[in-house]
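What follows is a pair of complexes built around chain A, which joins chain B in one and chain C in the other.
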Partner chain A sequence: MGILAALDLHPYTLVVSSFTVLLIQQLVGFIGKSTIQEFAWLFYLRVGGKLGLSNSFVAHTKKQEELHKLNREKRSISAQDEYAKWTKLNRQAEKLTAEVKSLSDDIAKDKSKINSLVGVVLLFLTTLPLWVFRLWFRKSVLFYLPTGVFPYYVERVLAIPFFASGSVGLTVWMFAVNNVISSVLFLLTFPFKPSVPIPIRQTKVEEVVPESAESKESSPEVIDIADAN
Partner chain B sequence: MSDSPSISAEERKRILRERRAAKMAKGNATSRLNTILTQGNSVKDVSSVKSVLDQEPTGATATTTGNHDLDPDHHDIEGFINTPGINASNDSVALSNSEDIDEMFKKIFGGQVPGNGTDGAGSEDPLAQMMKMFSQPGAGTGTNTPFSEDPFSAQPEEFKYQQQLVQYNTYRHQVWKFRFLAVRYFALLANFIYHFYIIGDSISFASSSHQFIRELIPVEPARSFFTLFSTIEVVIIASYYFLGTKEGFFSTATSNNFVVKLLDMGSMVLPQLQQFKTIAVRLLGYYELLAVLLGDLSLVVVLFGLHSVLGN
Partner chain C sequence: MDFELEPTLESIVQQDTLKWIFVGGKGGVGKTTTSSSIAVQLALNHPNDQFLLISTDPAHNLSDAFCQKFGKDARKVDGLSNLSCMEIDPEAAMSDLQQQAQQYNNDPNDPLKSMMNDMTGSIPGIDEALSFMEVLKHIKSQKVDENDDKDKISYRTIIFDTAPTGHTLRFLQLPSTLQKLLSKFQALSGKFGPMMSMLGGGNQQEMFDKLNEVQKNVTEVNEQFTNPDLTTFVCVCISEFLSLYETERMIQELMSYNMDVNSIVVNQLLFADDDEKPCKRCVSRWKMQKKYLDQMAELYEDYHLVKMPLLGTEIRGVENLKKFSKFLLTPYDPKVNGDLVTSLEEK
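What follows is the complex of A and B.
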C-alpha cells in the first residue's frame, strides 16, 4: 500500500486500469497488429490529406494520373512518323516516372513511420503499463474477499504469491482477467466462425474388366527381334 | 508366323520361344547380336560384342569356388581375398562382393525396424519407417486418431481426407468447449447474482479494498456460495471428462502439444518413450480439466474484483 499511497493511487484505480490495459491487449491480439496498422495508414491518408500531412500521397496520385495520360498520348502517335513529338513525350514520361518513383519511396517511408508510430502507441498502451504494474505494485493488495465465501485453501491459492489469506494481488488478478476476457471473446466470436463439415472418404471404385479383355491386355504382342533380323 | 485365332496366347508364346531357341542353336549368335546392335548405324560392323552363347565355357572359375581342397599343394592368396568368407557357411560363399554388401545393408536396416526385418513391412526403406513413426501422433495412445492408419500407403485423396478429419475433430472439440463454457458462465453468474441479491447485506457478500471486510463475521448464506460453486464444478468437470473420453477430443487437443511432439521425436531414438506418451496424453487431459476449474475460479475473482470497484 506504501507505493499506492505515495503515488496517491487507490487500489480500485489499479484494478480498473489493469483490467482496461489487459482488455486492450486482448483486443489488439484478437484484431491483429498488422490490421490496426493498416487502419491507421488508411486513416492517415484520409485525414492527413485534408490536414496537409500526407501531401506526398496527393502528389503521387496526381503524377500517376499525368503519367497515365502521357503514356496514352505516346501510344496514340507513331514513333517513326512523329519522331520529335514522340521523343518529347517520352522524355516527359521518363521524368514523371522518376518523380513517381521518388514519391513512392516517400510514401513507403511515411507508411513505415506510421507503422512504427502505431507500434509505439500499442507498446505504451499495453505492454509498458503492465510492466510498470508488475514492478511497482507487485506487493500491493488489490482487494479483499469477503470472509466465509471461500474455504481457507481456496483463499490461500488466490493469495499467491505472498499475500495474506483472503486478499488478491496483481498476479492472480491479471491471470483471472486474461482468462475471463479470452473466454468471453471466444464465446462472442465462435458462433460466427464457419462450421467444418464432416469429411467424406472417397473410396476408389475399381472398374470391372471382362475376362477376355483382361487376358488380351496381359499378353501384348510379342516382338521377336531375332525374327526381325 | 501363321496366326490363327484358335491358338491361345500361352501356346503362341511357347511356339515363339521354341522357334527362338531353335534359331539360337544354329549358332552365329555373335553376328546376329552385332547386327541388332548396329541397326540404324551408317557404318556397319563397328560393334565387336561377343555373344555369351558363343563364349567358351570357362569351367572352374565361379561355380567351383566352394569346392576347395582342404590341403592344397600351394595356397592361392587371391582365393582368400576374392572368396567371401572362407570360414563362413557354404550358403553365403556363392554370393559376389556387391551382393554381399547389399545383403549386409538389408540385414542392418531390417534389424532396426520394430517387428522383424524379414517380412514385407520390415524390408521397407528405413527413412520411410522413421518418417512414419514421426508422423503418428495417435500411436501408442490407444485412441483412434486420424493418423492411426499408415500415412504412406495413403493416396492424395486419403491424405486430404485425413487433413479434413483433423480439422473436423478440432472444430468438434471447439464446439464442445463453447457449449461447456456457455453453460459454466451461465451457472456461475446465476450463482453469484443469486447470492448477491439473497444476502441483501451490502457487506457480507462484498469484496473491498479495505481490510476491515475480513474482520466481519460471515453470514450463513455466504457459505452456500462455495457449496453451490463446487457442485457446479463437479458436475461440469465430470461431464466434460466423460464426453472428452467418449468423443476422443482430449487426444485431438493434445496431439499438437509440445510434450507429445517431443515424445514422438524421442521415440525415434528410444522406442521405450512411446509408453510415456499415453501418460502424457492423460496428464494433458487432466490439465484441461484443471484449466476448467481455474477458469471458473477466475470468473468469480473478476466478479469480486469489479464489485470491489463498484463498492468504493
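What follows is the complex of A and C.
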C-alpha cells in the first residue's frame, strides 16, 4: 500500500498532472506512435553506436560494403579465365551474404525491441497514469466553482457523475481538457493542412467536363451541376 | 611442408570402415562409369566382401555399363562374384508410399487429409527423404545369403550412382526441420486427437506414427551420412567451366550438410602432350583442360584430384571397366599407359 499512500495528492497537483498527461497523450496521438518509434530507433542508432550498443548495425554496414566490393571485384574478372580466383571470391561472397543476412535479422530484432520499449514507455507515460487517476481519485473533488457564476443546471452538469452541485471531479475535468487540447491542436494545424478540392457530385449524364474546370476552386460549371441536382 | 594429397582414390578403396559411397555430378560427365569403376576396384581389392552398386537414376545405365540386364532386385555381376548391381526408380517407390497413405484415409471429403498432404508436401526434402527411406528398406531386404540377418545390410559397402537432376541428398537438411514440425504435430494431436477421432478420424494416429518413424529413420541415416568414417562423396566432373562451377556448388552444398567430400574425379582428359601425330583440335582442347586443371589444383588443394583419360570408345563391360578403373588407384601416365586409349574391346 506504500505506493498508493504516496498517491495522496493535493487536488491542484491532480489538476496539473492530469492536464500534463492528457497533453502528452494528445501529442503522441497527433505525432503518431510509429513516428516516435522511428525517431527512437534513429536515436538508438546514433547514440547506441557510440555507446557500443548497436554493434550489429555498424557491422552490417561494414559487411555490406565489403560485399559490394567483393561483387564488384568478382564482376571485374572473367570466371572462365581466372576460375580459381573467381571461385574463391564467390565463396567469400556467399559467406558474407550469409553473415549479412544474420546481421540484418539481428537488427530487425533490435528494432522490434526498441519499438516495444517505446510502447511500454508511452504506456507508462500516458495510459497507466490516467487509469490510476480514474480509479484512485474517482471520488475526490478537484476544485469548487465560485458560487453564482454558472446557473444551477450548468453546475449540476459539471458535477457529473456523483458530486455535490458546484464541485468539479476528474471526469468532467479530463473531458474538458481533452476537448480544449484537441481544439487547440486543430486550430494550430488547420492552416497548414493541404487544401481539399470541392467535391463534385457525380451526374448520370455523361458530360465531358474540361480538365481545367476541375482544377479551378469555384468554377461556375461545378456549381451549375451541383445546382441542377 | 607440402601436404599434397595423392591423386588417387586409394584412400577410399583401402578404408575399411566405409559403408556408403556416393558418386555425383552433372549429367554426361561419366558418373556411371566412375561409380562402376569404383565398385569394380572395391570388389577386386576385397574379394571376401560383398559390394552393392545402386543407380537411382531413372534413365538407368548400369545395365549398359556392365552389358548385363539389371533390375529392381540386386543381381550379381557376371565375372565379379562379389559385386551386385540394382537399378531402382525412387519415384516408383514414392508412389507406392502414397498409395499406402491413401489406404489409411480414403475419404475424399476429409479436410484433414488434404491438410496432411499439404503439410507433408511442403517440407523441403521430405520427398527425397521418403523415397530414400524406401530405397533403404529395399536395400535391407536384399540378401546375399538366405540365412542372413534380417535387419542388417548384408553388403560391406554400398555405392550410389546418384541422379544428375535434383538434390538426392537434400534430405540431409531434413532432421532439424522435421523434428520441429513433429513436435508441433504431436502437441496438436495431443490437443485435438480426441476431437479428430470424434470427427471420424482415428487413422490420424497412424499418420503421426508414420511421420515419427520417418523422423527416426532420417536422424539415424543422417548420423551415418555425416560420419566421414562411414560415408564419403565422390564428385565427378570434366575439365570445363560449367562442370567445375556446378561441382563447386555441389561441394558447398554437401559441406553445408556436413558431409565428407574429399575426392574429385576429373574425367575425359585428353593428355595430348606427347602424341606421336598430334591432332590440332586435341592439342588445343588439352590446353584448355590444363588451364582448368591448374585452377582446380589451386582451389581444391586438400582434395584427392583424380585425373582420368578420355578413351577411344565407350567403357562397357567388366573387363574394360577393370582396365580403366586401375587408374583410379595408380595415376594415369600417358607415356606408359597410352595404349589404354585404343585397347578396349568393342562390345
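Just so it is clear, the second predicted complex is superposed on the first by the 188 of 229 C-alpha atoms of A that agree within 3 Å, B and C clash if a C-alpha of one lies under 4 Å from a C-alpha of the other, contacts with A are read in each partner's own complex, and residues count from 1 in each chain.
In this section, a residue touches a chain if its C-beta (ideal position, glycine included) is under 8 Å from a C-beta of that chain, and two chains touch if they have at least 3 such contacts.
Values in this document were obtained by computation on a predicted structure and should not be read as measured data.
> Given the touch rule stated above, what does A:K88 touch, chain B (first), chain C (second), both, or neither?
Only chain C; A:K88 stays clear of chain B.
> See if chain A has more residues touched by chain B or by chain C, and give me that chain.
B
> Contacts for A:V121 in the overlay, against chain B (first) and chain C (second): which applies, first, second, both or neither?
A:V121 contacts neither chain B nor chain C.
> Counting only touches as set out at the top, which of chain B and chain C does A:L188 meet: first, second, both, neither?
Neither: A:L188 stays clear of chain B and chain C.
> With both complexes overlaid on chain A, does A:V132 touch chain B (first), chain C (second), both or neither?
neither
> Once the shared chain is lined up, is A:I77 touching chain B (first), chain C (second), both, or neither of them?
In the superposition, A:I77 contacts neither chain B nor chain C.
> Which bits of chain A are touching chain C when the two form their complex?
Result: residues 79-80, 82-84, 87-88, 90-91, 94 of chain A touch chain C.
> Give every residue of chain A touching chain B within the complex, in rising order.
Interface residues on the chain A side: 10-12, 15-16, 19, 141-151, 154, 157-158, 166-168, 172-173, 175-177, 179-180, 183, 186-187, 190-191, 195-202, 204, 215, 219, 222, 224-227, 229.
> Which residues of chain B touch chain A in the complex?
Against chain A, the touching part of chain B is residues 1, 9-10, 12-13, 16, 19-20, 23-24, 32, 35-36, 155, 157-158, 161, 164-165, 167-168, 170-171, 174, 177-178, 181-182, 185, 203-211, 213-219, 222-223, 225-226, 294-295, 297-299, 301-302, 304-306, 308-309, 312.
> Please give the residue numbers of chain C that touch chain A in the complex, ascending.
241, 244-245, 248, 252, 292, 294-296, 298-299
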